Structure formats: structure tokens, C-alpha cells
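Letters A, B and C mark the chains in the order given here, with residues in each chain numbered from 1 onward.
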Amino acid sequence: MSDTDTLIPAAELQIEPPLAIVQGAPYTRLPHDLYIPPDALEVFLETFEGPLDLLLYLIKRENLDILDIPIAQVTQQYVTYVELMKELRLELAAEYLVMAAMLAEIKSRMLLPRPAEVAEEEDPRAELIRRLQEYERYKQAAEDLDAQPQLGRDVFQARIEAPFDRPRKAPPEVSLYDILSAFKEVVERAKMFSHHHVQREPLSVRERMSQVLSTLSAERFTEFTRLFAPQEGRRGAVVTLLALLELIKESLIELVQSEPFGPIHVRSVNA
Amino acid sequence: MNPSLKNIIEAALLAAGQPLNIERLQALFETDPPGRDEIRAALEELRAECAQRSMELREVSSGFRLQVRQEFAPWVSRLWEDRPTRYSRALMETLALIAYRQPITRAEIEEIRGVSVSSQIMKTLQEREWIRVVGYRDLPGKPAMYGTTRQFTDHFNLKSLDELPTLAEIRDLDAINVELDLGGVDAEAEPDAQNEELYKE
Amino acid sequence: MNPSLKNIIEAALLAAGQPLNIERLQALFETDPPGRDEIRAALEELRAECAQRSMELREVSSGFRLQVRQEFAPWVSRLWEDRPTRYSRALMETLALIAYRQPITRAEIEEIRGVSVSSQIMKTLQEREWIRVVGYRDLPGKPAMYGTTRQFTDHFNLKSLDELPTLAEIRDLDAINVELDLGGVDAEAEPDAQNEELYKE
């Protein structure tokens, strides 16, 4: 699923408020359905994850198809619940009120007579249906995920003692040269800072980004250091580094380091 | 007893207490490490042998793991006083969205869920190391995009995200439209092309 | 599979990661816990079954545990063998500044490096006994000044700090493109003859 899919709804919302379909079932049965023992009310309302969840509940309870919902009745039911919530949990109200407004708007739009050709183009409920369906599938996905065997809840890591000596971890080896080059690096960097001297890179970072991407695979990780060609010298390394940073920023690659100071691995990200 | 390759692997997996991948299994041998195929064959042998036992061999993201089978959870979970954490629906829904829609920003999660996502949830998921920031969306404020980690797939007993349960299908608007015909006011409403796009996955 | 008492016990021992005594094994059963004799019999069964496997059942002071057989030590102990590690760039730069600019305070190091120096780095260097506090700067807060130790000069086979190469000498090395060490050992960087010498101790 691409990023743009996610962004479309927001854009749509701005252009056109959604339309709903809420076939609130039998309006006449409403008062009866709404009766909840007072002491259970708060718990009951807390079980909703938000306005979409509440709407789904109302639709499901009436055994209605999401696609076939009379807006007016469901709006009425919805508002009744929101009123209850407002009394009990004020902080929840805002998101619910937004939805109530949306329902009211859909209702009013559906009551307006529309020219035939306009009606062909849009159904004011479509956006709400889309959102409800979208939410419902992830609500289901969350339940499915929760039902997966989980480590420590359903399955357990087997672990037994290995009663023999473990070698002690030796400290890293350091050569004098390592210290010298570290010193040189830091001194040079300090100089660069003090002169505010930034050199333009002769090599193109963009070009390098493409090169790097073409060598990376999404399936396998590539060792970070392999991306650097020693014969290009420091300049080349800087360009590669900038290219990598840019690629990370654009989420085209990911870096993984499995332990502190361990080797860094890179791979391209599947869009 | 004779340390067969299968038994060496079993010993290592039991002692490690965490999944080991083939490279790490090969690294158990100082000289002449067995080839990947040999290791795989021995793992298969081990898997078959476990059929009659209380543990099973499972391949998850970070490697192979010996784990106590789910059937034993009723007894094994009594070992610990604390019940395993039950995660809230809000957290699971957020996690599901990140798993299925990654990379995804917090605002995008909120858009789909219709409610704000608490910082506490994001923090909990990050502390569990189930999610991490994988990049930044090129939008004002550069919002972070989240993705799942190897620890996530390991925890949920998955080898990769491909093994996640499939998402429910969304009926497309054509189908919707047919049913809409039942419903009064908008009987004649027809989806335009743009709407149809929206429903494609 | 049918969870036999033997298998339930095996499952618990594998998951517990610590020895379990008979009472704790009985406590796995909510109702009708098996008697001590039954548990003992099942443990015997488990012990016998393990004969062909990489683990064995042992009774230790706090109860029963499954453990890896001694024969597997040569392979299993390699799990914990240190993989070659390397100090971070931040640590190396800190060490270099202390070596070349001693006595120096942490704030001064931070000023030159342009980033803060973690306490962990200072601790690691002190634990390795390469640096020590050599005095306190006459400034508010009396910050500690660090210098290198005798162990440091010994380790690098120097008679005194005068023998540290000069910056000019280092510049000569610049021709040698080895400072590509942006991360990890430059296994791939092809060292020329001169470099190879530098990396040898």
C-alpha cells in the first residue's frame, strides 16, 4: 500500500465532506435499545475506541450492512450516545462531536434536492462508508494480530542452563594509529567549524544516491562500509555519506545496527 | 552420546535463549562449518523430532527458535505471578495500522482510527521495540514515519510481515452502489472514477 | 499432541529458565495437582528420554533443571565468544584529545568535538585504565582534568608521551585513504603495504 493511498482521504475531506450511510435501523426501537443499566453505562461507553467504533457498533447492533444505512436514524442514535458521553467523559466529546457534525451535514445534504447530473457524480455518504470500512478492517486486523501466538503469552522461549565457563569478553583492540587518525579527524573538524568553511562537493550527491540505490537490495542487507570506495578518498566518502543521509531522509533505505558499535547494515525499503 | 549436527544445534538454541540464524549456527564451528544446506537439513530433522515433544522449532525474523508449544500455555503461564500484559484495543489498533501500512505517520493513523493516538501508546510500542521511526514524511513539520521491527515479528511468532493475517477485503464501490440502490434518496448515485480508485488496494 | 504430565513438566522447565522444585511443579495445576510420586515418576521418564538428546535433567539444590550436556561445551560456548568489537568514533576521539591535549576537562573535549561526551565513554576509558583524573581546573565547579596513564603508554609501547607521533607526521599519512572508517573495521578497504604495518601492533 503506498503512501498516497493514505493521503487521499484527507484531501477528499477538504474538498467534500463525506456522506454517510447509516441505516440506523428501526428508529422506533431506539429508546429500548439505548437502555443500559446506569452502573454499566460508563464501562459500556469506554469500550468504544472512538466515533467510528461507536458508529460501527450502532450499525452492527441493528444487523445492518454498512452500505445500507439510513443516515437520519443512525445520526439520532449516535447523538443520543454522544450526549451520554458528554455527561460522563467530557474529554472524549470533541472527536465525537466532529462526527456528529459530519453526520448532520450528510443528513442535510441528502435532504437537499440535487440536479440529476450532480447526483450521478457523488454520493454524500461515500466518504463515511469508506472511513467506516477502512476502520473496520484495521479493527479486525488488530483482533487478528492479538490472536497471533505471542511470545510469553502463548508460546515461550525455551532456555536452559549451559553450565560451563563462558569466555570473558575481551576489550577492543586499539592501535596507536587509530588514536592518531581520530585526533587528526577531530582537529580538522574543529578547524572546519571555526572557519565556517564549507566546501562544495564536486561530485553529485543525487547521482550517488542513484548509484547507492542500484547496488542495494530490499531482500538482503549490505554492509555499510561496502558502499564506500577507498580510491575516491575523503571527498567520495563524504558524497556517499550525504547520499545515504538523503536516502534515509526520504525513507528509501534503512540502516540497521544490531548492537552498539557493531557493523551497520543497509537495505532499500520496499515502497 | 555422539554430538550430531542436529544435537549441537538443539543445544545451542536451548542455551542461547534467543533465536539464532544460520550464520550464527555456522559460527559454532571453529573449523569447517557445515554448509547452509546441511544446517537446514539438521534443522528439519530437529523440527520433526520435536513433533512428540513439548517444544517446537519455529523460524521467526531473527532466526530459529525453540519454543514451548501453545498447548502448554495453561500450565506454563502459572509459573509467573503476573498475568501476561493485555494490551488495550487502542494500542493493538495502532500497532496493526503500523504493521500493515508502514511507513505511516501518527497523523495517518489518527485519520484512519478517527481518534487521536496517545503519546503513551507510541512510547509503549517504542519501548517494547516493536516499532521505530523509519523516516520522515516530506510534509510541513517533517512528521516521523513508523515501521515495525524484527522484535515485533519475533514476538508475534512470525517469520516476516508476509505472514501477517491477510487484511479483510473492502468491497469496491461498484458493489456498494448496487446495494445503495436499495436505499432511498441516493438510489441513482454512482461512483465516479475517482472514488473507485479509493477502494483499490 | 496430548499434554502428558511428562511433557507439561518438560514445558515448564524449558520456559522457566531456572530450577523448579516439586511444589512449584505441582502448582502448575489449578485443580487436582498430581502427587509427589507422580511428579517424580514423570521426572524419571523425562530423564530417561533425554538420554538421546542434547540436554539432561539434573537435580540441584533449588529443584530440577534441564541443562545442556557437557559434551556440547565446545560448540555452545562459542555462542558467547566475543565477536570482534571496536570502539566508537566518539570514544576514540575523546581518547585522542586526552592523549594529545592533556590535561583536559570534559567540557574542553566537548568544545573541540562540538558534541557532548557521554559519561559512559569516560567510564569505559577509566575502566580500561587508560585515562585518569590528574587534577581539577580552577573554574566554577572545579571540573576534573584528565590525562593518560602509565598503562596507556605501556599498552602502546611508548616510553613517554613525547613519542606520540606529531600532527605533521599524521598528515603524511593522509595520502593513504584509510580514514574511511565511517563505521566498523574497513575490512573491504584495501590497505596498502604501509597501512598494513600501521594496523599491526
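FYI, a contact is a pair of C-beta atoms (placed from the backbone, for glycine too) under 8 Å apart; a residue touches a chain by one contact, two chains touch by 3 or more.
Just so you know, these numbers come straight off a predicted model, no measurement behind them.
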By C-alpha centroid distance to the whole-protein centroid, which chain wins?
B
Could you pull out the chain whose C-alpha mean position is farthest off from that of chain B?
C
Centre-to-centre distance between chain C and chain B (centres being mean Cα positions), rounded to whole Å:
29
When centres are defined as mean Cα positions, the distance from chain A to chain C in whole Å is 35
Any idea how many Å lie between the Cα centroids of chain A and chain B?
15
I need the residues of chain B touching at least two other chains; which ones are they?
11, 14-17, 55, 66, 68-69, 72, 76
What residues in chain A touch two or more of the other chains?
156-162
The chain C residues in contact with chain A across the complex are 11, 13-15, 17, 55, 65-68, 70, 72-73, 76-77, 80-89, 92-93, 95-97, 99-100, 112-114, 128, 156, 158, 164-165, 167, 169-171, 173-174, 177-190, 198-201
Spell out the part of chain A that touches chain C in their complex, as residue ranges.
156-167, 169-187, 189-190, 193, 223-226, 228, 230-231, 233-234, 237, 241, 260-264
Taking the complex as given, what residues does chain B use to touch chain C?
1, 3, 7-8, 10-12, 14-17, 20, 24, 27-30, 51-55, 66, 68-69, 71-72, 75-76, 78-79
Chain A - residues contacting chain B, complex:
1, 3, 5-10, 12, 21, 23, 49-53, 65, 67-70, 95, 99, 110-111, 116, 119-126, 129-131, 133-146, 148-162, 248-251, 254, 269
